[in-house]
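Here subunit A shows up in two complexes: once beside subunit B, once beside subunit C.
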Partner chain A sequence: MAPELLLLALSVASYAVGALAALIVRGMVGRALVAVGALVGSLATLALGAWCLATGATLAFAAPWLPLTGLALRADGLSAFFLVVVGLGGAAASVYGFGYSAHYDGRYSLRLLGAMFNVLLLSLAIQVLADNALTFLVTWEAMSLSAYLLVLVEHDQHGTVRAANWYLAVTHAGFAALVAAFLVLAGGDMTGSFAAMRSATLPPATRNVVFLLALVGFGTKAGVIPLHVWLPMAHPVAPSHVSALLSGVVIKMGVYGLMRVALDLLGGGPPWWGGVVLGLGAVSALLGVLYALMEHDLKRLLAYHSVENVGIILLGVGAGLMFQSYGLPGLATLGFIAGLYHTLNHACFKGLLFLGAGSVLYATHTRNMEQLGGLISRMPRTAACFLVGAAAISALPPLNGFASEWLVFQTLMGGALVPHPEAAIGMAIAVAMLALTSGLAVACFVKAFGITFLALPRSAEAERAREVPASMQVGMLVLVGMCVALGLTPFLVVPVLSRALAGLGGLPLTPIGFSLRLPFSVSGVTGEMSPLLVGVGVLLLGTLTAVVLRGVADRRLRIGDTWGCGRVGQTPRMEYTATAFAEPLRRVFAELYRPTEDLSIDFHPKSKYFVRSIAYRSEVEPWFERLLYTPLLSALRGAAVRVRQVQAGSLHLYLAYMTIALLALLVVARWSR
Partner chain B sequence: MTAAFVMAAAQGLLALFLAPGVVGLIRWLKARLQNRRGAPAWQPYRELRKLFQKEIVVSRNASWLFHLAPFVVFASTLMVAVLVPVLAAPLPVDRIGDLLVVVYLLLLGTFFLALAGLDPGSAFGGMGASREVTVAALAEPTLALAIFALARGAGSTNLGEIAARTMADPLSAVSPGHLLAFAALFIVMLAETGRLPVDNPATHLELTMIHEAMILEYSGRYLALIEWASALKLLVFFVLLGNLFVPWGLATALTPGAVATAAGALALKLGVLAVAVAVLETRVAKLRLFRVPELLSASFVLALLAVTSSFLLR
Partner chain C sequence: MDATFSQLAMLGSSLVLIFGLILLWRRRVPAYINAFTGQSIALAGVAGATGYFGNEPELYWVAAFLLVLKGAVIPALLRRMGRRFGTERELDPYVNTATSLLMAGLLVLFGYAVMRPLVATSQLPTRASIPLAMGLILVSLFVIVTRKKALTQIVGFLMLENGIALLAILGTYGIPLIVELGVFLDALLGFLVMQVFVYRIQETFQTMDIGQLSRLRH
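Our next item is the complex of A and B:
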């Protein structure tokens, strides 16, 4: 048996064992078996992807004897890359989950959590390998439903059920679009294999319809604005290691699907396809980070950042699609590489940040940043891990977020080579939006880390926080290692990614020549950098400074109070809050936020110069969501009310319906033959 | 090759030791323009020496991050100084970092300094950190578009490449794209280095400060490192403005004569920019914090025009 098939069998078997163990075995042993099953399965998935990428091996497996169209699996470069993403995210989350799910024992269903966690990982792994429409759609639905059940684990918490319902509704609207897309693509024949779809020649109008349907379907999964409404609701309420998986890996399936359909099955299209993707990416990135800034629920903040980062990924992918249709394959490859690189990086740092937020939640039982603070001295390892994640997502060199954002920047700057001014200026504006996004991300993560971990604790829970168990630390440390490693070695990562893309949708078969320090020989665009040398340089200079200072400068150090303008005794109430920290930006973007403010002052009855109490409430709600979804929802409700009349509750009526339906079907069947 | 690396290290060191002098020069020029006698230009060196010899006082609430931040800020700014073409271009360090690396390394310093501002838990630190990151975030798009305009001309984001291309094509230095990008970058420089009208480097008046509020808890050698790094940041921006837009004088070959010319040209450019900043700071008042975004959006429009004009005029 070929090693690929062995690894695939191992991962499927291992996930299955993990899922079954969750149902049968209870207590700590059960949790351990779940974690081991998921871990071994994820490592096998990771190994399978890495093996296929390294050797160029392609896995092909078909089970046509299964009902309907049978199961068909095939691994090309793109599948292999996403297998790596799934394996990496799954491995870290499963190790972390062992410790994290301990406090669920007796409160929530560990059976549901463990079983669905493994099912989710299994369906993710199979889905990226799917080679016919039905396999893809079935695993897609399995992924959505298992994710839905995972979101529901903490069902008695405020807002969980509502979030899960939203998720279910939006994801099924997306699923309907996907079914339609594949039906149109395969000409109504759902047995169609991907190979047949690739070779089919469709009229341009049909191709446009397929593209738009796929964009809606995959956009809902990826959380592209305005289809993102479910994401900031559903991701925060899931158990934290599941949130890490949902944000790090599951939403990337939208990116995978979009690339699979638009680039591979359709083989690229007119420039406006790329333009639409680019525009959606830019808007998602900017609005995602702007709404993240206004959040002081730590996990919701991270969820909005997932919207932002999907936007950045789509900037790369959209630019790639545009360059491809303008006949600039070198730049197109660069764009796709940038998108894929950021996909992998986001899986690492967002996974890490959600695990870090989970640790905070585990230790303090609150996600509200206004009640946190001072955790850096109480949970030093979690703080250090979160700091690395925060720096990576803020695209600070030499960590991984910087490497991929640099590539996105370079791709967009290649827009200057496009002979159409509207495209070139569009890309210039995308550059500016990306820059603003990354600047705001820095502001947001200074807030997220600074308010959560630094200064004095703002509540008794934060005061009592203790460092989390070892398994949770290991889960975070794995991802810290990946953030550093992926950031320092783009010269190793980029050639692998270009191999993953080679041959897809008319891209050049031979990988583009990326030399050691990541200059790229794309005509007209050059830029070079080496995060490894930058990192080493900063480290060396910092150490050198410390050594020189030791010799030259005064070494005395006195511990004193924080300066309080002469006031003695500092309390947490004097600290800046998360809301205050984001206030300047809220004012700057007031037109966009349109905050609602409510100020009521209770004066002393004798004199209005004496204030008894002040109540201030301010909320920022994404108004465009209401603008978009309120009419949609009321139309749906109206339709539902009208349909309800059909359901009168009379058995005779239902029997009549069935008879009429049967007769109608028979007539149709007869007529269509 | 070795000579080139030595040159890179040497110009980093030169920038490091020149930086406080430039700040001193601006202060002295401002004093003269305001009919004051003013401290000599080397006063900042004395201040640094004094700070290095003082004991430091650290808040009992501060964590290890507070002790780490000054070194990160200093080292990342110094790394930037090694990367930018102070005297010679192109150098092999161009392969280590381009203009985007320069911008993001400076952002790394801002990130740590802002965190250190929040660390002791004082309201001033939080206020300064919040304002600093706001200004930094709003300056980012202008910076990126100015880079785009420069890279568009040179076909590269490499610093050496940009300087070399302008030298090869002198007319491009007076193209509208170039001039507009220069103006945009000049405004961003004022914002990023905390000069008037965005922030007042001379005041310690509590409610108006940005940078000074953030570093209020620092003292002794830590403060010295931070002050030195911010002086260096100013110099780096001066060098970018002087040597990317008006690259003449830069040594293209590593001969003693060329380097001496480059040193002279550098002194001249720094002098002109220092005078410009000093005059500006004497003429304008500090903007209210919530008027700063208007200034930055003006600079953004300039940068966008720079890019657009370079597309339309090709």
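Our next item is the complex of A and C:
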């Protein structure tokens, strides 16, 4: 048996064992079996992906003995890469989940959690291997439903059911679009292989319809604005290791699907396809980070950052699609590599951050940043891990976020080579938006880390926080290692990715290396910039300053309160709050946020110079969501009310409907010719 | 030979249909159960005859199953249920007896009309009886729709099953035995599930009147 098939069988079997163990075995042994099943399965998935990427081996597997399922699997470079993403995210989340799910025992259903966790991982692994429409759609639905049940685990918490319902509704709307897309693409034959779809020649209008349907379908999963509404609701309420998996891996299936359909099955299209993806990516990136800035719920903040990062990924993919249709395969490959690399990196650092947020939640039982603070001295390891994740997502070198965002920049700079002004200008605007996004992301994570971990604790829960169990730390450390490793080795990763992409949609195998130079030449002017030199310069300057300061400064050791500014009697109430930190940006972007403020001051009845209490509430209004969804929802509700009249609650009426339908069908069948 | 078979099939099918029509004018549960028993026996007869004349030995098995399951087991279960709520009669159906009979006649006619092309092109000796099976299916549906008591509806459902079995036997000389067995099991399970529901309805509403279920709507 070929090693690929062995690995696949191993991963499927261990996921299945993990899922069954969750149903049968209880208590700590059950949790351990769930974690081991998921871990071994994920490692096998990871190994399968890495093996296929390294050796270029392809796996093909069909199951004709399952006649009704039409199961067909095949691994190419793209599948193998996403297998790596799934395996990595799954492995870290499963180790972490062993410790994290301990406090669920007796409160929530561990059977549901453990079984669905394994089912989700299994469906993800099969998903990226699917080689026909039916397999793809069935695993897609399995993934969506298991994720839905996982979101519902903490069912009695405020907002969970509502979030899960939103998720279910949006994801099924997307699923409907996907079914339609594949029906059109496959010409009705859902068990026909992807190879047949690749070779089919469809008229341009049909191809456009397929692309748009796929964009909607995969966009809902990826959380592209304006289809993202479910994401900031559903990801925070799920158990944290599930959130890490949802944000790190599951939403990436949208990226996978989009690349599979638009690039592979349709083989690329007119430039506006890439333009639409690029535009959606730019808008998602910027708005995602802007809304993240206003969030004080740690996990919601991270969820909005997922929207942002999916936007960055789509910037790469969209640029790649554009370059491909303009006949610039080298730049196109670079764009896709940038998108894929950021996909992997985001899986690592967003997984890490969600695990870190989960540790905070585990230790303090709150996600509200205004009640946290001072955790760095109480949970130093979690704080260090979170800091690495925060630096990575802020794209600080030498961590992995920098490597891939840099590639996206490089790609978009290449827009200057496109001989069409609208594309060149569009990409230049995208560069500007990406730059703004990166800056705001740094601000946001200064806030997230600073308010959560630094200064004094703002509540008794934060004061009593303790470091989390070892398994949770291990889960985070795995991802810390990956963040550093992927950040230091882009020159190794990029060639592997370019090999993985070769052949998809007619992309040639272009040897692309990672460089810190900008290949950007406008006709006549050849500009060059060396970030490496800039970086070295900054480093030198920093070292110089430090040396000078050490030489000049007063070197006596003084210990004072954090952020004490020389005052005595510091209390947490004097601290900077998350709201205060975000306030300047809220003023700058007031037109976007349209904040509502509510300030009520309770004076002493005798004199208004004595204030008893001040209550300040401010909320950001997501007005464009309201603009889009309110009419849609009211139309749906109106239709539902009208349909409900048909449903009178009388069994006889329903039976009569069926009988009348049967008679009508008979009449049609008999007299229609 | 074929003429005999044709006439036998016609006779059996007519009996099956007439047993079905009994549901429309009788009001008492034991009468329904007897009608169903008779219908099942007649159906088994048709199956046996088709097996003999059509040279399909598998149909003997079908006939035997029909006799045991629908001629004995299910009627026994029905009687047990009937004893439990035997006093309840089908008092005020949605459609009165006279109109029901008229509708049944129309439905059988409709069955003939729908089946005309099949009868015209078929070479089977049983072709003349096929519309009767269709008629029984439609009449059973009519019973289910217009009668209020759960037991009546269950009997209607079982007769609908019989109508489908009759159509299969007449039209194709029986579907493969394995499928037939599946259908039997299906019918039995469906019946058992309905039995549970009837008990629950009885417990909740103190009646078997299905019309009361509309109170569940909020």
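The definition used in the following text is that the second predicted complex is superposed on the first by the 590 of 673 C-alpha atoms of A that agree within 3 Å, B and C clash if a C-alpha of one lies under 4 Å from a C-alpha of the other, contacts with A are read in each partner's own complex, and residues count from 1 in each chain.
Just so we're on the same page, a contact is a pair of C-beta atoms (placed from the backbone, for glycine too) under 8 Å apart; a residue touches a chain by one contact, two chains touch by 3 or more.
Quick caveat: nothing in here was measured; it's all calculated off a predicted structure.
Asker: For A:L440 in the superposed arrangement: first (subunit B), second (subunit C), both or neither?
Answerer: It touches subunit B, and subunit C stays clear.
Asker: For A:R670, is the partner it touches subunit B (first), subunit C (second), both, or none of the two (neither)?
Answerer: In the superposed model, A:R670 contacts subunit C only, not subunit B.
Asker: Figure out whether A:L497 sits in contact with subunit B (first) or subunit C (second), or with both, or with neither.
Answerer: neither
Asker: Give one of first, second, both or neither to describe whether A:G537 is in contact with subunit B, with subunit C, with both, or with none.
Answerer: It touches subunit B, and subunit C stays clear.
Asker: Which partner reaches more residues of subunit A, subunit B or subunit C?
Answerer: Answer, by number of touched residues of subunit A: B.
Asker: Go through the superposed model and pick first if A:M116 touches only subunit B, second if only subunit C, both, or neither.
Answerer: Neither partner.
Asker: Is A:M574 in contact with subunit B, with subunit C, with both, or with neither (first, second, both, neither)?
Answerer: In the superposed model, A:M574 contacts subunit B only, not subunit C.
Asker: Under the stated touch criterion, which partner chain does A:A403 make contact with: subunit B (first), subunit C (second), both, or neither?
Answerer: Touch partners of A:A403: none, neither subunit B nor subunit C.
Asker: Could you tell me if A:A423 is touching subunit B, subunit C, both of them or neither one (first, second, both, neither)?
Answerer: Neither partner.
Asker: In the complex of these two chains, what residues of subunit C are touching subunit A?
Answerer: Listed in rising order, the residues of subunit C that touch subunit A are 94, 110, 113-114, 116-117, 138, 141-142, 144-146, 148, 210-211, 213-214, 216-217.
Asker: Applying the document's contact rule, which stretches of subunit B touch subunit A when the two form their complex?
Answerer: Residues 52-61, 63-65, 71-72, 74-76, 78-79, 82, 94-98, 100-101, 104-105, 107-108, 110-111, 114-115, 118-127, 129-131, 133-134, 136-141, 143-145, 148, 151-152, 155-158, 161, 216-217, 220-221, 224-225, 289-290, 293, 300, 303-304, 307-308, 311-312.
Asker: For the complex, give me every residue of subunit A touching subunit C.
Answerer: Residue positions touching the partner: 648-652, 655-656, 658-659, 662-663, 666-667, 669-670.
Asker: Could you list, by residue number, the parts of subunit A that touch subunit B in their complex?
Answerer: Contacts found on subunit A: 373-374, 376-377, 387, 391, 394-397, 402, 406, 409-410, 413, 416, 421, 424-425, 428-429, 431-436, 438-440, 442-443, 445-447, 449-451, 454-456, 517, 519, 524-530, 533-534, 537-539, 541-542, 545-546, 549, 552-554, 556-564, 570, 572, 574-576, 580-585, 587-588.
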